[in-house]
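Both complexes below contain chain A, partnered by chain B and then by chain C.
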Partner chain A sequence: MSNESYVTDDGRTIGPTVMEMKNITLRFGGVKAITDISFDIREGEIRAIIGPNGAGKSSMLNVISGFYVPQEGEVWYKGAKRPPMKPYQVAGQGIARTFQNIALFEGMTVLDNVMTGRLRQMKANIFEQAIWKGKAEREEVENREKVERIIDFLEIQAIRKTPVGRLPYGLKKRVELARALAAEPSILLLDEPMAGMNVEEKEDMSRFILDMNDEFGTTIALIEHDMGVVMDLSDRVVVMDYGKKIGDGTPDEVRNNQDVIDAYLGVAHD
Partner chain B sequence: MPEQLVFAMEVFANGLMSGVLYALVALGFVLIYKASGIFNFAQGVMALFAAMTLVGIQNGQVPFAHLINAIFGTHVHTFGWNISSAFALILTVGVMILLAWAVQRFVFRHLVGQEPIILFMATIGLAYFLEGFADLMWNSEIKTLTFCLPGEMCLPQGMNLAIDDAAFNAWGVGFFIDNLDITATLVAIVLVIALVAFSQYTKQGRAMRAVADDHQAALSVGISLNFIWVLVWSLAGFVALVAGIMWGAKSGVQFSLSLIALKALPVLMLGGFTSIPGAIVGGLIIGVGEKMFEYCFGIGQCFGGVINLGGATENWFAYVLALVFLVFRPQGLFGEKIIERV
Partner chain C sequence: MAQSSQATGGLASIPALLQRNAAQFADKDAYREKEFGIWQTWTWAMTEKEIEALALGLINLGVKQGDFVAIIGRNRPSFYWSMVAAQSVGAVPVPVYNDSAAEEMEYILGHCGAKYAIVEDQEQVDKIIEIQDKLHTFEHMVYIDPRGLRKYDHRQLHEFSHIQAQGRAAHDELIGELKSRREKLDYDSTCVMLYTSGTTGKPKGVVLSNRNVIESAKNSSDFDSLTGDEEILSYLPMAWVGDFIFSVGQAYWCGFCVNCPESAETMMTDLREIGPTYYFAPPRIFETSLTNVMIRMEDSGDLKYALFHHFMDFAKTTGEKYGMPKRSLAKPDMKRRVKNAFRYAMGIGFAMETLLENGVRMAFTKLRHGSKAREHFKAKDPILLNLYRGNLRDYFKYRMGNVLVYGPLKDTLGFGRVRVGYTAGEAIGPEIFEFYRSLGINLKQLYGQTEATVFITAQPDGEVRADTVGVPSPDVEIKIADNGEIFYRSPGTFVEYYNNPESTASTKDAEGWVATGDAGFFEEGSGHLRIIDRAKDVGKMADGSMFAPKYVENKLKFYPDILEAVLFGNGKDRCVAFINIDLTAVGNWAERNNIAYASYQELAGHPKVLDSIQGHVEAVNRSVADDPMLAGCQIHRFLVLHKELDADDGEMTRTRKVRRVIVADKFKDLVDGLYDGSASVSTNTEVTYEDGRKGSISATLELRDAKVAPTASKIAAE
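After this line comes the complex of A and B, so read on.
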């Protein structure tokens, strides 16, 4: 596939490749979770990774975000090969993520949670912070403004000061998204953003994902096993089954791929 | 004012102030427990080690003098200089940070993800190691700690000196409070305010709270767990240093100092293992409680002396109170209530 920018039907610009996975293989002991998978993520697109349960989608996401280190293969990010890294270093490079089972700071308020997303942008040292003048003050104000914008955007103003532990599931998911977005990531990884949601919440979440991509130009890679939602959202889709890649392309291409249909509907083996 | 009442008030005030010292030790426990789930049995020994290091540096003692003399047959003991307290304090803080790094690097980094009981055992090992190390480094003599900041501002010595020199006489009614206790209280208040401000308003503090709450989430926003753990061990080392200075000035720098950790245990059960205000309030309750209990029932000064247990109740009162709390409110006054969902 060429690496030149193009404009989509709905007028968004998709840029060159920002991340490329090359022949990734991940094993847990003797079990292969991912076998020789390659794909790329391009700037400004919504890229989905789908597949039935146990296909290795979450493992793939964990490889991208540094929680797992693959035994074989290379991760290329912004034109350079990425050495093995700790998750916090990957986050430091501008790759933010959410978790399937929500990992929030339950004891902290929504505002504080979202502010932690901006730790990376705070550069003032401890002495500057202690005297609270100049750089530290400027930074805090600047970061607060950005965070408030994101909170407005995700429509969680009303619960800004509420401790996260008290919120219902759907709102927690949204707070986690806000925290990831606050980091102004180059790539935003979403691990099953719609898992466990009702139809209305799913629609809200889809809208947020599209708006995020549209308004902030955020590159999004998401995992989902609800086919319908994914097809409507994404520009390109990778399909995995039993740790292998069985399809890669636009939603239409994938939908008509015989292997994909077999994987999802099951096929008679004779 | 009746003499009896003045005496009771004195006892109360003294209780408050020894409570502050308990709280200082408990604070170190809370810091580490919150951020890493490790119950640091070595906190008391850290206070001892810090105080010994401070005195050693101040007096120009040669570290490991016994060892050096034994190996090389020399007779070195001191460098023959005296270093100002302020400078020695800075150097000691440096040593405590180094210790924090070493503990993280050589012990707990290898135990990530282990059961809490294993981490606890590791801290017991650390406590014994550190005690031996302190002995080897600075020898085991009892040392007096004189701590003076520039401008002749010296930390008052404890009650073992003449009472008139050491105590503060208020309202002309013979109301005696140990000057050292007053100083310790002020220092503790400043320390707590500084710690709370640090954890609430700085970037590192926010990261610290984040790690305390959820490791995975902290990693995903770019926080290095290792850095935060070194940071909390350094902070705990600093708190231990302050506690070591206060206790050292009160009763001399000696090995029994490490036993104050045992008094911090009931404080933690009262206040909750995860709450900084809890450590303070718990310390005050234990301090006042044991002094007032001793006054009232130990030596029978209340209610016409109906109950007189014959003294020495201070030795067990704190633990009994902690036991009562364990039965009726196991999470402590301020701890997080544990609710299991079925």
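After this line comes the complex of A and C, so read on.
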């Protein structure tokens, strides 16, 4: 845990730790998905979690988002220990996420999908919503304005009124990102944001991630397989293999770590 | 031609027109832009304030009289303001195509020695930074969208809104300076400098004076009786003279509203929301729209399909007569109202009378000769309308079509309110032209170029045809040289090519006649001008007959599945052609015919595609053979190219005109293959990606022979 801020080479300010994992262990019956992992996420940084298939990356993200409750270990968020929570409570604390397999409302338009990202900010009750006067209307206008800024930011104006089911994969990913961003999260968890994309889409997505971090100061934790992307984007990288942490540090440190090289290139198991 | 240096009423510059509009139309909408999903509006009064703040900010930044200010971005009110603000401070705006590569910008900015640039976003800023070392005179850059630019070195970089804020802050000390600079502008001072797309060689900077722009705007507005109530959508490149005339010249002269789309992708949606009354597009846009309509009709249900085709066939003959919008949108006066009311009353009376008469007669006939009458009425359908002879019946049917098909379709396309529409730049396919006109869209053709401040000829209402470009615009004189080349002289004739006296002298002679480089002739009888081709492209075949490639290419391009065609044969004994397929149209066709393909290249090489293209080529040959003068231009062999011709590869200009010489040179192996009779050629082509990286694609192309039709003269000889 560190409290000092520092400035990176490219001029961004990385603040103190906002989230810390302490000795997390997660078991499914007899299978240990995560074994005794500790790492921290600092404010304003882009933190990558990498590792081969089945290393426990997505499980780790699910622990952070409250979907799984670890059997051992503690999650510290903003200087306090977090009790076991439901995912919606975690979302209420300002942690938003996207999914590896896109989870959008296919029949709804892009705009409506992104608006759902702001549901937690809308306080009007069902009756006010039904009558559509006063509070409900005011809230809709306020939130729509925020959503429109995000639509503008992610350059999806042209598909604003298109049902999500009709969109290609790359754009769906972007819509999902927009919805997560609409919640104005302090930490954004991205589960493989670039899986299945072509080079151009990857470049776009990388730019959006950097700009998001830059413009809104959003802290980002992401899982990614594309090493080039991870090394370019992230400030610090956690490397997992077989549920254990085998490396943690800046991209350069990680790249030169023998354990990491072994995990990725493979070693003879004798 | 009036040569006074002051226009009537002191309206000698765009900033002067702005002052007038701000006073006269203060609360009328001047600009709209869709942002954050809502149309944001600026009235003329607000516009004046914005431009003033920006102009003061520019003076504050150090912009001097005569400096060049590059404007790089898509159509946005801020950029139109930037142009007028630059004019107000005595500088010259130079709009640049925003999709230009960095090297192209380097040439333009270096050529005019631009000291300032107003750009849109990070993408453009990056491009300028990349070339900045080579631009010795360059000083400051202003950007509009701050996204991603926060960490950049801001010594030479300024945000648009900050410049405006500085201008407002320095209002009191600088306003005198601004006023004195504004007053110095006269009819002969430079209004704008536009770079030609450069079909041949490097782009040339065309200097247009206030006289050129304002006179052209005035004449053309009168020609089409444009008013301050027009709505236009500005989506064509700002660096193109057409956009400058429509969105600045005419907009400021008439005081109408300029609408800017949210982004390039949302253009069609925004077009529909705005419903412009005055619309301009190159043929390609109309082609794409038509192709999309046709594709969607193919996928529609039987009833819609039948209705669409029935009424579209009907409209082909009647649309011209019943569909065209009324000439004036202005509120009718009392006399006209009475006249209209009288007409309606007569119409209703006539219809009632006919119906009644019909009913009575039918009843009597039925009574007298029962079975015969039934046969008689059964044979004709629909029974009642049969009595409406000719015109009236067609009129009612067209109105019905308007409710069922034309109206909804026009609305979907965003042309519901179009009163005057223009297409120019290339020839438009007669079928495409007919389609839009039969819908009741007053689409016309004009012929123009940057050097003429657009207008050379235009079609007056009521004299519109697909194969001519109309009569000379007001105040334009035209003469045709012996070799067929068209020369013109007009108040819109450009001042000079910047820093290029040789080119100026070779284009414009001492008396002010300008060579267009196009060959054409005046049609006897109608007095309309017809364009054959570029004068230098018109050549001779080996046997001495005329070679006019554009003529044949246009015939080919009128097929929806052919996007582009290039004909070769100058000095040869026969013609050969390259063809580009249209991926949207052919892709849809392939889908419906269960033809699988993985790439453009694979689809372009598919035997069935080649078969259908061959059919088109042979049909074109037959039609070319009808014209004895051009019968030599029939296509003997052709191939379908494995890549789309692209501006990034230098094969086309940014306005998408084919650069014939470069194509012939780049694909020399293919041309040779077509002439030496080989059945296939393997080739390797370099391609440039949008970010400037290069790659290559290789392919083996099948070359095909096309049947050549016997010419009219040959048949006669046999």
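Here, the second predicted complex is superposed on the first by the 255 of 270 C-alpha atoms of A that agree within 3 Å, B and C clash if a C-alpha of one lies under 4 Å from a C-alpha of the other, contacts with A are read in each partner's own complex, and residues count from 1 in each chain.
In the analysis below, a residue touches a chain if its C-beta (ideal position, glycine included) is under 8 Å from a C-beta of that chain, and two chains touch if they have at least 3 such contacts.
The structure presented is a predicted model; accordingly, all values stated were derived computationally and were not measured.
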item: Which superposed partner A:D152 touches (first chain B, second chain C, both, neither); value: second
item: Contacts of A:E72 with chain B and chain C, given as first, second, both or neither; value: neither
item: Partner chain(s) touched by A:G11 [first = chain B, second = chain C, both, neither]; value: second
item: Which partner, chain B or chain C, touches more chain A residues; value: B
item: Which of chain B and chain C A:R179 touches, first, second, both or neither; value: first
item: Partner chain(s) touched by A:D226 [first = chain B, second = chain C, both, neither]; value: neither
item: Touching both chain C and chain B, counted on chain A across the two superposed complexes; value: none
item: Complex contact set, residues of chain C against chain A; value: 35-38, 147-148, 150-151, 262-263, 265-266, 269
item: For the chain B and chain A complex, residues of the former touching the latter; value: 201-204, 206-207, 209-210, 212-214, 216-225, 336
item: Chain A - residues contacting chain B, complex; value: 65, 67, 86-89, 91-92, 96-97, 99, 103-108, 112, 115-117, 119-120, 122, 124, 126, 129-130, 132, 179-180, 183
item: In the complex, chain A residues that touch chain C; value: 10-12, 111, 144-145, 148-149, 151-153, 155, 157-158, 160-161, 207, 210-211, 214-215
